[in-house]
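First chain A sits with chain B, and in the next complex the same chain sits with chain C.
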Partner chain A sequence: VSAGVAGGNDFQWCFSQVKGAIDEDVAEADIISTVEFNYSGELLATGDKGGRVVIFQHEQESKNRPHLRGEYNVYSTFQSHEPEFDYLKSLEIEEKINKIRWLPQQNAAHFLLSTNDKTIKLWKISERDKRAEGYNLKDEDGRLRDPFRITSLRVPVLMPMDLMVEASPRRIFANAHTYHINSISVNSDHETYLSADDLRINLWHLEITDRSFNIVDIKPANMEELTEVITAAECHPHQCNVFVYSSSKGTIRLCDMRAAALCDRHSKFFEEPEDPSSRSFFSEIISSISDVKFSHSGRYMMTRDYLSVKVWDLNMENRPVETYQVHEYLRSKLCSLYENDCIFDKFECCWNGSDSAIMTGSYNNFFRMFDRNTRRDITLEASRESSKPRATLKPRKVSTGGKRKKDEISVDSLDFNKKILHTAWHPKDNVIAVAATNNLYIFQDKIN
Partner chain B sequence: RASEQNTEEKMISPEKAEEAKLKARYPNLGNKPGGSDLLRKRLQKGQKYFDSGDYNMAKAKIKNKQLPTAAPEKTEITGDHIPTPQDLPQRKTSLVTSKLAG
Partner chain C sequence: MFPKGTKRKFSDSGEEPVPSGDPGPVVSSAAAARTLSSSYSLQRQSLLDMSLIKLQLCHMLVEPNLCRSVLIANTVRQIQEEMTQDGTWQIMTQALAAAQCPADRLVATEVLCRQTDAAAQAGQSPKPFSVVGLEDGYRSEEAVMEGDVESEVNMSTLSPVSPQLTSASYLAGPFGMGPCWEEEEEECDEDEEEDSEECVSEGEDGDRDHLTADSRTGEQVFGTFEIKHPAPPPDPALEELFSDVDPSYYDLDTVLTGMQSAPKMGPYDLLESLSSHGPTALSSSSSCRSDLNELDHIMEIIVGS
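Moving on to the complex of A and B:
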């Protein structure tokens, strides 16, 4: 179903929907911090800095024309996390949702894991479309009846009611992370999941909240000797004993849980050799990996560092098999990007369903897509201006040379406050969700 | 040939040029191991200056007496009085429905 996606003659992206307020003043709580489709693509979840989760559900446009793409409408919304204060350490714990990961669906209900810096929660989202009526001990409005007045018994009956979607926290996995959680990943065994913070990775069983196994610990005995932190981690999509974690030094370690209980020693170590003569103050900072994602096939993994996306073959540790430049023109702006902290922005990346294309965000509400087969790439923009129904998105270009062509934008005109850090690709179709600060854009391929 | 060589030497990578710019603005940068400074800052995210331990210990000692409070026309909280919860800026509640859902 997923075709080539990068700006070919026959393929175009067009606007579908945008969610969120239009006002210029963006409340910090409304900033979207994570976006994730579920396994079927039917549900799309977002988390924000205010600790809230909003779930959208895909609805068919019409039953008569199933080939026409429907829309995503609000299905459920709830407050997942609230701000806390750790009195022992004088630490403020943000309610910001760092990651949401769906569990594979096993029954009528949907389950997802959401996490802030310290606590992971398992949420159950279920539908209720029936209500019991005709209770013996209480009235229809809930008031208790006087038991002495009841002279006969009746059997309550189930009556249809308006659909209600309820979210309830089923498990709370707390107090296992001293440092800030950056990743959670559900294992392919559907029973366990891992959570990673700056220095440690824990393995949990979904049913057990009072215990977790520590499987990676890179905390040095002397904190003065700290040289790198864990930036992201993910379980292998098929091999439940394998997981990877990336570091702030641009390395990835693949670990096998069958080899040892504590996976401090990696099975594979992925690092691209660096030319020592080109090393600068910025080298380590821009090599820090902000996201790591396995391909759906499980044969490759993709890493995102500040300026590029790299695809690695799990069988080749010494260098990536593909490297894509996201915004190379920023290399000559690193000084100011360091001063305004943008150099520390953590961009995510994602694969399409068939692993033939990858997507990642940039600044000025631009996002980039790379077709791995044709090697074509495209830059698109999430903006209100191009938000007319079914409007085709026009490719954007940043001018790097002296002469700026018409329709190009110069590097100095880019808005570095408009960051696309979070994007998601539907697991089966050419539908993408792009978070632009407080707005969620949904784009899809043009239907002929 | 000599002029060619000179041009090559003058052409530094954009990254190194940016590094030179940064070092010119912040001469002390990178004197300590830069990596661990940045990393430690990252690990300490969320640290607040209001020390609840101070406040509670002082409260326990003084018991019935009033804690020193800020002057009514305070301009800023000074170091010689213990901040109380009333002095701290109110934290906005986040129990509002997301605008994505509306």
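Moving on to the complex of A and C:
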């Protein structure tokens, strides 16, 4: 009997680690705003509202207990963005990190892109564990030696030192976005990347900071006619000429950069026809797509709207091939969720390494996983209560009316301030990272 | 606009209630339909009020979320279209026009700014009814979950404050909390005082942006934040003064990207501006932001976007 769900086999998710303060008093700056594994899964980066980036590194398994995966420990912490003030508009520019995207590793150093609302930065994270000693012209303190006292030459020798991890900004891509950047995506050519704001998408070369190509522009000539904005964008994982962008009206456009310099005309247009029986004043708002992610295979893409996750086959534009309800019990609460602005929360979603399962967050620190093969789903909770080492996570259930069973939680008891917007799945293993406000939870499966 | 103390049964689905025949056999179907449709109207009106307030309460420090603003604006548009179709829109705007007191109708710019300031300080602007009414509506009313009469759900628990978070960090909409509301008013009062000084100096230059008499159709939901005149004779001197103004400054950027220098307007003032009727309107808020719009344009040119 497989109690666990995701992954197809008998997976059971258990607690591994939690990072962050236990304090009930959460500082706004500590709220995690993005989570991302690198290509190998060795590194896990988080960005927060205070503009900081924290990178965790996976330690090797201990030889004594090989059945346990190693832990993620802090590798590097740096201040990526600072708050700025736009003097022309008299408005603050938040330092909150909206997205982090890793570059594929090409040498010993690691590179990542981090962005706030206006500026993208390329950071180089490198290790230093050796130091040269035995210089001729200066001694160990760095003081210059008196040249007359040098009687012989020696070759400096590299001596080991305590590991030091340095983060340095290598490129700053600024002044290209009038509106708030919501997405960045590294292209499969590893030379270019795209950045998207509410109305425009730009294509950059990683080496060039003073220029970018505008490839999508949906700003109307008359801003009064604005009814739709760009909500997310991503490059295709294999075809470097293809990218998609989603909109606030629940549509996805796939564009081919070979077709034209300005990709205002899409190659493919994905939209599911609306169900007229469920139409309400909130229909458009809940159809707004908050995240779009290609599968690793590049055959599918997944979109997240307020109540569901949809999987699309790139060859079929008129409807998704799979739809998963995340928290359908909220459909009757939309007016209250509109009042308290929760209806505008932007949830992300992610694929597992083999594209057989998908994960997304919900409220009350719940997150959901869907197995695409077995069609089973599970709801789990990221909480301190279930944070005993290697404790198996218990599936959670929300009661939708009528009798509430034991261990179920009613819709009205849900804490809408505890929202899981950002989750990440290790590219190869069954390890997941879940951001719950200011805490980062790491869960892994019990097997292996 | 609604008699106070009217108890509203607020069903949360926001969907068009279909007379299901559930009301007891004693109630005639026609009466049931009427009751349901009036509750639907009330719901729709509440939603409209809420949306208009949300559009006005832009964060003062940080540029507001454009996606959110566009979605709310689209919701307002949707409601407006539906209300126009069933005729309630015209009724409402006429009622609003009739309810306005003539003291608001001042022509001179600086006086307008001052008057708006005074009006705001008098507490007219964010109509407490909408806030309180909604608060009462959502906090104290109980919602019936769709299709399930037995288990009534208390809607107040839907926007709970987690015991750990203080009221200051309460994440609900800004208008839901009294203290926040007062803060907003105070901030706006300060801004308005600054603006009235600006207004005075700039009015003399004549490069103030004011709406000309071009009529705006109902489709243009986002004209400006105007204070409407019901029917005063336009002052020819004033018209001449502002005749060369380019109304294209009133773009959505102004409306959606913060009204920090805008005087607080009641939601129904904004509603009036959405209607297609009425003669010349003089604006106050957008005029004070025209210079910011210009700078916005310049910045865009510099950025090259």
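Note that the second predicted complex is superposed on the first by the 411 of 448 C-alpha atoms of A that agree within 3 Å, B and C clash if a C-alpha of one lies under 4 Å from a C-alpha of the other, contacts with A are read in each partner's own complex, and residues count from 1 in each chain.
Keep in mind that, in the parts below, a residue touches a chain if its C-beta (ideal position, glycine included) is under 8 Å from a C-beta of that chain, and two chains touch if they have at least 3 such contacts.
Here the structure is a predicted model, which is why all the values come from computation and not from measurement.
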Chain A as common anchor, with chain B and chain C clashing or fitting: clash
Contacts of A:K19 with chain B and chain C, given as first, second, both or neither: first
A:E191 touches, of chain B and chain C: first, second, both or neither? neither
Partner chain(s) touched by A:N175 [first = chain B, second = chain C, both, neither]: second
Touching partner for A:S332 - first (chain B), second (chain C), both, neither: both
Contacts of A:T77 with chain B and chain C, given as first, second, both or neither: first
Partner chain(s) touched by A:E92 [first = chain B, second = chain C, both, neither]: both
First (chain B), second (chain C), both or neither touched by A:L226: both
Touching partner for A:E207 - first (chain B), second (chain C), both, neither: neither
Chain B versus chain C as contact partner of A:E284, first or second or both or neither: both
Chain C-contacting residues of chain A that also contact chain B: 89-94, 117, 179-180, 198-199, 223-224, 226-229, 248, 278, 280-282, 284-285, 331-335, 338-339
Residue ranges of chain A touching chain C (in the complex, touch as defined): 24-26, 28, 86, 88-94, 117, 175-180, 198-200, 214, 222-224, 226-229, 231, 248, 278-282, 284-285, 288, 331-342, 344, 401-402, 411-413, 415-418
Touching residues (chain side chain C, partner chain A) in the complex: 10, 12-16, 43-44, 47, 50, 54, 61-63, 65-68, 70-71, 73-75, 77-79, 134, 138, 145-146, 148, 150-151, 153-155, 157-162, 164-165, 169-173, 176, 220-223, 248, 250-253, 257-258, 260, 292, 295-296, 298-300, 303, 305
Chain A residues within the chain B interface of the complex: 19-21, 29-30, 32, 46, 48, 50-52, 54, 74, 77, 79, 82-83, 85, 87, 89-95, 117, 179-180, 198-199, 223-229, 248, 278, 280-285, 331-335, 338-339, 438, 440
Residue numbers on chain B that touch chain A, as the complex places them: 13-19, 21-23, 25, 29-30, 34-36, 38-40, 42-43, 45-53, 91-92, 94-101
